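Listed next: structures, encoded as structure tokens.
Presented sequentially are two complexes of chain A, the first with chain B as partner and the second with chain C.
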Partner chain A sequence: MSEYSVVGQKLPRVDAVEKVTGAAQYGADVHPAGMLYGKIVRSKHAHANILSIDTSEAEKLPGVRAIITQDDVPSGRRVFATDKVLYLGEPLAAVAATDPDIAEEAAELIKIEYEVLPVVQDVIESIKSSAPRLHGDATKDGPNRRDISAKIKKLADQVDSNSDEIRKLETELEKHTDEVYYNISAESHTEAGDVEKGFAESDVVVEDTYFIPRVHQTYMEPHVSVASADSSGKITVWASTQGPFAIRSGIAGTLGIPLTQINVIGTTMGGGFGGRFGVIITHVPAVLLSQKSGRPVRVQMTREEEFLDGRPAPGCVIKLKTGATKDGHILARQALAFWDSGSVSGASIGSTIRVRGVYKIPNIKVDAYGVHTNKSGTAAYRAPGAPQAIFAGESQLDDIAEQIGMDPVKFRLMNMREEGDAVPAGGSEPKVGYKETLEAVADAAGWWDREADENQGWGVAVGDWTNGCGPGGVYVSVHEDGSARIFHGSMDITGTDTAITQIIAEILTIPYENVTIRRGDTDSAPYSTGSGGSVVTFTMGNTAKLAAEDARRRILELASERLNTNEDNLELRDGAVHVITADPPKSISLGELAAYSLSTTGGPIVGKGSFARQPSTPALAAQIAKVEVDPDTGRTRVLKLVASQDVGFAINPMAVEGQIEGGTVQGYAWAMMEEMQYGENGNINPGFVDYRVPTSADLPTVESVIVEVPAPNGPYGAKGVGEPPITPTLATMANAVNDAIGVRITELPIKPEKIVDALKNNGHEA
Partner chain B sequence: MARSTTSFGLQATPKHPVSLTVNGDEHDLLIEPRKTLLAVLRDTIGLTGTKEGCSTGDCGACTVIVDGKAVTSCMVLGVTASGKEITTIEGLASDGELHPIQQAFIDTGGYQCGFCTPGFIMASKALVDENPDRTEEEFRHALGGNICRCTGYTKILEAVLQAAEEIRTIS
Partner chain C sequence: MKNFEYFEPTTLAEASHLFAQGHAQLLAGGTDLVIGMKAYTETPQSVISLQKIPDLDGITTDSDNGITIGAMTKVREVELSEDVQEHHTALAEGASEIGSIQIRNLATIGGNIAHASPAADTVAGLLVADAQVSIASAEGERTVPINELFTGPGQTVLKPGEIITQFHLPSPASGSHYIKHKIREVMDLAFIGVASAVNLQNGVIKDARIGLAAVAPTPIRATEAENLLKGKGPTPELLQQAGEAAAAATSPISDLRCSAEHRKEMVDVLTRRTLRYALDRATR
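Entry: the complex of A and B
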């Protein structure tokens, strides 16, 4: 029996009825009177100089009300390309018209003259000196050159620059000419211990290169924005976004408009997964078109535009080397990674360090580079960077386990960090259910007595992630009928409003049904962090707790006045304040207290919570898959998929299971089917026929297992839940396929043709 | 770049008279032949519960029921739906009571962001009306035309099976 009555319960979500009746209002459902339809004019080439943009024909089309280019951006901040485009679909102009089809016709009538330039789409090609340069001539040294140059620099301070020692180092430097990388957007380097020593002491060393493709978040609702600029200059934006406050400051910064002139109304969000924070994708063009036309304007992307100009997850190439002793101790790990950041910087290169996983690895070295290519920029996607790095790390662990003849689960359990172990970043490891979570999935899946027929196999992997934290504010009011109303400003991300409501009902001891929640816009609501990085339940849950506790303080104060007794004698229980020692029992309901409060000096019951940060605790996701591979067709069928996760505390277990199931299936899809493909002129699969995402026909039931090792600072011990489940699945699938047919696939997705080719190389005859 | 699919590259032409029955209400409209049934429902009639997820008939978010059959309304021209009986997500609940499929999606947590949900519920309704005795495996394949990105489908299947069971019991 739980000590709680509302939190920890599988309750229906607060937005249930509006979501199943079509009443929920998403971005494209907003239609102010007089609204125009916007359309963005996009580059037809992946890399080209722009010679001219001619809008004259489009202007003549009846129904066209505004056309804008970069000349219409008074701040000068880049919204549209002017002299050069860097990817297929890059915005060049935008049109607003009275009808969406007219806007599209007008967009086609805008004449753009291009001078086509050579294109580079592959990171390994892009770092070569032969590659076309996207942004000037920025080069970076690779790890060996970095080391040697650093030694030369250090020596140069002490000895003559012509010394033998320096000349020797310079000769050595010349041996690494191929280690100068071109088109580099960013770099990140981490080192602990001595990897060379670690590899030398290892009995087994495995080295491989892993290729992870760029994938799209493919939230079901394409980007959309409705903007209305009135004659006083006040701007209202209905935005489909994970972070209305970030959009407000983004618009203000881009267009040089004061914050107070902008109100962002977050509309119900049709999925985000990290990809719905962009400011200039639709919001800024909508504002500019509305300012120019004097009418409200909706800019809504098609699915094709999403693939061309969304901000997907970066692909990457990771060269990884691991050394271990024959009795199973991992001694060293080294990674060199190139992340495809597209036309701008910003790929999650820092996540390369996640090749460390949750293991005690005394010697580690990671060198990571972001590389420009002729593609759109990237953004977060559910634990940004972790699935890629963990795919490499967990695939290689299985190869080592195989070489030393150790069970993959036991090998992982043996190397996992424990409470009190030193943490590389400083401090010591908190209590985390690493082993509990892996043991739970092994037990639930039947790992210890697993059976497999021919061409069947089992795979296991784990992935870790730690939720973020951010500022938030919550108000809670108690009304004369005993109900409570929550007011806040964070976007609901698949159930967070429900978790906040459960927390407040728990503390105020009133039925869940008597608590309602309302989200304000940026003009009315207290500031709130964006709904990404698994922050919302942690941050807003803590904020909600503070607000409810503040309301309870006022409730007890009022009851003390009303019941004429000291607060120490009072207890809030079942929606009423009771005098503990009274015989016969004496109590007053929350409704009566709320009514009484209206005529007191202190006033109505309004609790306020305000919170920004507390240290978070890591979470682990562990998964096991059983697959069957058809060696003739290469098709892989999933027979079993079990996912466990240390969630700290499940405030709503139904919602938590939903996160685990959904994240696991997204990971499955990245492993087996998803891949944005690029040809000479950019993305070639911008639609659901050629970019395959899974349907219900592709998968069995995902079995989820909740493990609860409380996080000290989480509300009721809760940790971030949304991101961890995608992190291990890529490796889980690759390990299962390897176990089934003895083929290690290091290049995702594991498409049937790759399996057939690999088997052919192993001598299998189809 | 391929031409966007929303207007099928059709030029503006004179409007045609069209009569639709939507959720029991008759609508006599004048619409351009290039407008899809989805555009007519959302932009002309103002029923925005039906969603546009891909405009190419691949994701199922725009599924409505036309004369008893589930169709992706982005793939149907409005003029060709004249004279037909159309049910959208807004027409499913009656007398303030949710349809058993809607209730099942709530009970099982069969939705998250909710954007694909109207399409899934309408596709499920057509399937359950046609034959509520399908097995889980059969429902899994029959719902393969609808994409959900949040749930991983486990709880959607639970919802559909629960609703099918209830409908079998009632009828």
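Entry: the complex of A and C
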């Protein structure tokens, strides 16, 4: 039996009833009196100079109450495009009207004169000198051959920009046109050991280029905010967001408004996956429209707008090379990656290093670039950057295993890092269940005696991720009826409120049902980090623990007074404080203590927890799929999908399984069907007709296997569980397809046409 | 959604009269129209519901297993009809491929056809059933064979005021089958759709019909492939030839779903495959 009675249990979610009955309040349910409907006016071109914006006709339309452009942004921070648009759907203006149809009509009446420019939407095209430049000077923009341009930059800081030395370097640059990349938004370089030496010593070297498409988080609820600016200047924003405090500071920074003049009320979130932190997408326009109209304004995106102007996950192209000995030791790995960051910088280029995986690779070199294209910017999506890099890394591992004739699971086990191994960032590898997790999935899936009929195959892959950490605060009050109430400011993200509630119930030794949780707005609740990066259970779990322990201190103090005995003789259990040595037994309930506390000098039972940072521990997700491919039509059916994960400790195993299933399904979708497609003028599949997300008919039940190797600093040993499960699935699927039909697909998604074409190249006749 | 005037006529004549006045759309199940109106791609000034007009729905079977399907019959009813499943399997299978069950409980077969999408899932099944389409207007009634109904994407021979009232499927083939090429298992649009129907007599193909969707501006019959099959015993070589002939009859486009070449290849593969299933059913 578990040493715990509430944590570790599969308990129903605290928000289950409100979700099932529809009582939960989402952003679109907020409707203050007099509310106007906002509509964002968007660019109809993917790349164009803006010659003029004429709002005069729209202003005359009855029912229109406010129209704003960049001229209405007092801080000057870019909210709307002015001189140039960089992607289809980029905001140019916004209107607020008494009715959504009027807002729509007014948006159409705003006349925008464009001078259309050439468009570039492919990273490999964009880095060429022939590509149109998205930012800056057409001749010099874009970092050039990196080492030389770095020297130029350094020199330019010290000497006159016309110096001979700089000119000499610039001349040198011109000689290396094929090494000059243009439209670069950011870069990241990592090197350890000597890859050239490693490849030279390898018996097998595999090199391939992997293409991973841009995908959308496809949360069910599109972005929405309702903003209300009152006559005193106080601003209230009902925001569908993962981080109300981040939105508060974001609005304050963007508009130059004092922080505490803004109250952000987080509404129940219809999914986020990392994509719901944006400030200017809907929140800032809503505030500006409300300030101008003097009325509350709702700005709500359509699904089409989500695809045009959301912040999806970046696509990328990764050129990867791996060398290994014939007895299975990986010696070297080198990656060159171009991440599609869209119109702004910010793609997860740093994640390219995840091609290292959890393996001992003595020689590694990674060069990664963010590349501008005529697309919206990107944002986080469930383990940002990891699924892309791990797709390349884990696909290539299978090719090596195949070439040296080694079982893919054994090959991985053999190369995995172990406790005490030096880690790249310094220090040594902590105890992580890398091997345990891979072995668990292999055992559960029946890998060791796997069978496959014709056109069936098995694939395995692993992916790692480490949860983030951030500041948070929790209060817990114990009431006269013995119940406890939690108050905090963190957005519930698929079960985190439930985990916090379980932790508090565990420590206070009261039934789970007697603990309730309430989220405050930014005016009332203590600061909380955003609900992203798998932080919440780790951070808020630790915070909740501290708060409950603080409450317990007060409880024992009160009991000591009341029962007239030293605290050392007291024990809190089953919702009461017991005198350990008393015969006959003597105890006092939490309710009685709470009632008593009201007339004491020390006052009511209020526990406070405040926490910011402790080192996290990596987590591993390992997955195995069995598929069957129809070689004539290229359609793939998943017969089995098993996912294991080292979760540290499962505070609510049911919720953890939900996370494993959800992440795995999203990874499957990225592998097999999801893809934002771009034509000559921007995104061409902005809706669920041609942007396919899977349904339950596409997959068998994902079998989840929970592995628990505790994290030293996690609450009860828990690690963040949300992100790891998406990381290996892209490669799992590609490896299974390869095993089934002997075709290595390096360009996702693995659509039927790609399989048919690849098989045709292999000589298959349908 | 733009404002519009809404009518609920109770007779076909009244509906036809309203419809003939232009800027009007007929409302059957609404699963295409209402979505279009919400997206402002359809902005009719008047919407004419066909719900209150009696006798436009239902499936009836006559003595020689010919079937009549009212235009307002829900797609779900077509899918679940035992008579349709038995005698026009390809049509029932096509109906089962549309949207979700919720959508199929709203959508009508008449709407699926009148919308004239080249990718409509019931169209290949109706093509191989040789369906006769009854059309009514204030001027009277006429009948058009299904393969003459379509003139282009979203375009039909229907004149202003004309309303599809029913589909008559004459005596059935002994076996038929429909396959939709898609990515997602359910709720996907057809990359292509192929239906085949055969009549076997003493091991010889007496009659064969092949209907193809989403491979040309309109749904088409692959008549050359059909003619190749007639009078012959089914062999793998013959099916191969039929597949190739069917592919040759197409003029697909490349779009965001797949390339024209892939569509052609899949017509070949799925023509053979649907023929095999149809022949198998015919011999059972």
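What to note about this one:
Rule of thumb we're sticking to: the second predicted complex is superposed on the first by the 725 of 766 C-alpha atoms of A that agree within 3 Å, B and C clash if a C-alpha of one lies under 4 Å from a C-alpha of the other, contacts with A are read in each partner's own complex, and residues count from 1 in each chain.
Note that in this section a contact is a pair of C-beta atoms (placed from the backbone, for glycine too) under 8 Å apart; a residue touches a chain by one contact, two chains touch by 3 or more.
Because the structure is a prediction, the values reported are computed rather than measured.
Touch criterion met: A:751 reaches chain C, while chain B stays clear of it. When both complexes are overlaid on chain A, the residue A:417 reaches neither chain B nor chain C.
When both complexes are overlaid on chain A, the residue A:22 reaches chain B alone and has no touch with chain C. By the touch criterion stated above, A:276 is placed in contact with neither chain B nor chain C.
In the superposed model, A:697 lies in contact with both chain B and chain C.
In the superposed model, A:333 lies in contact with neither chain B nor chain C.
For chain A, the partner that touches more of its residues is B, with chain B and chain C as the two candidates. Of the two partner chains, neither chain B nor chain C is touched by A:321.
Contacts of A:657 after superposition: chain B is touched, whereas chain C is not reached. When the two structures are aligned on the shared chain, A:365 is found in touch with neither chain B nor chain C.
Across the superposed pair, chain B and chain C both touch chain A at residues 101, 104, 304, 689, 694-695, 697-698.
Per the touch definition, chain C reaches chain A in the complex via residues 1-3, 39-40, 181, 183-189, 191, 256-259, 262, 265-266, 268-270, 273.
Contacts from chain A toward chain B in the complex involve residues 10, 12-13, 15-26, 28-29, 31, 42, 44, 88-89, 100-102, 104-105, 108, 217-222, 268-273, 302-305, 308, 494-495, 654-655, 657-658, 661-666, 686-689, 693-699, 701-702, 704. Every residue of chain A that touches chain C in the complex is listed here, in rising order: 101, 104, 304, 632-633, 635, 672-673, 677, 679, 684-685, 689-690, 692, 694-695, 697-698, 751-753, 756-757, 766. Chain B contributes residues 1-7, 10-12, 32, 34-35, 39, 42-43, 46-56, 58-59, 61, 88-90, 92-93, 98, 102-103, 105-109, 111-118, 121, 139-141, 143-157 to its touches with chain A in the complex.
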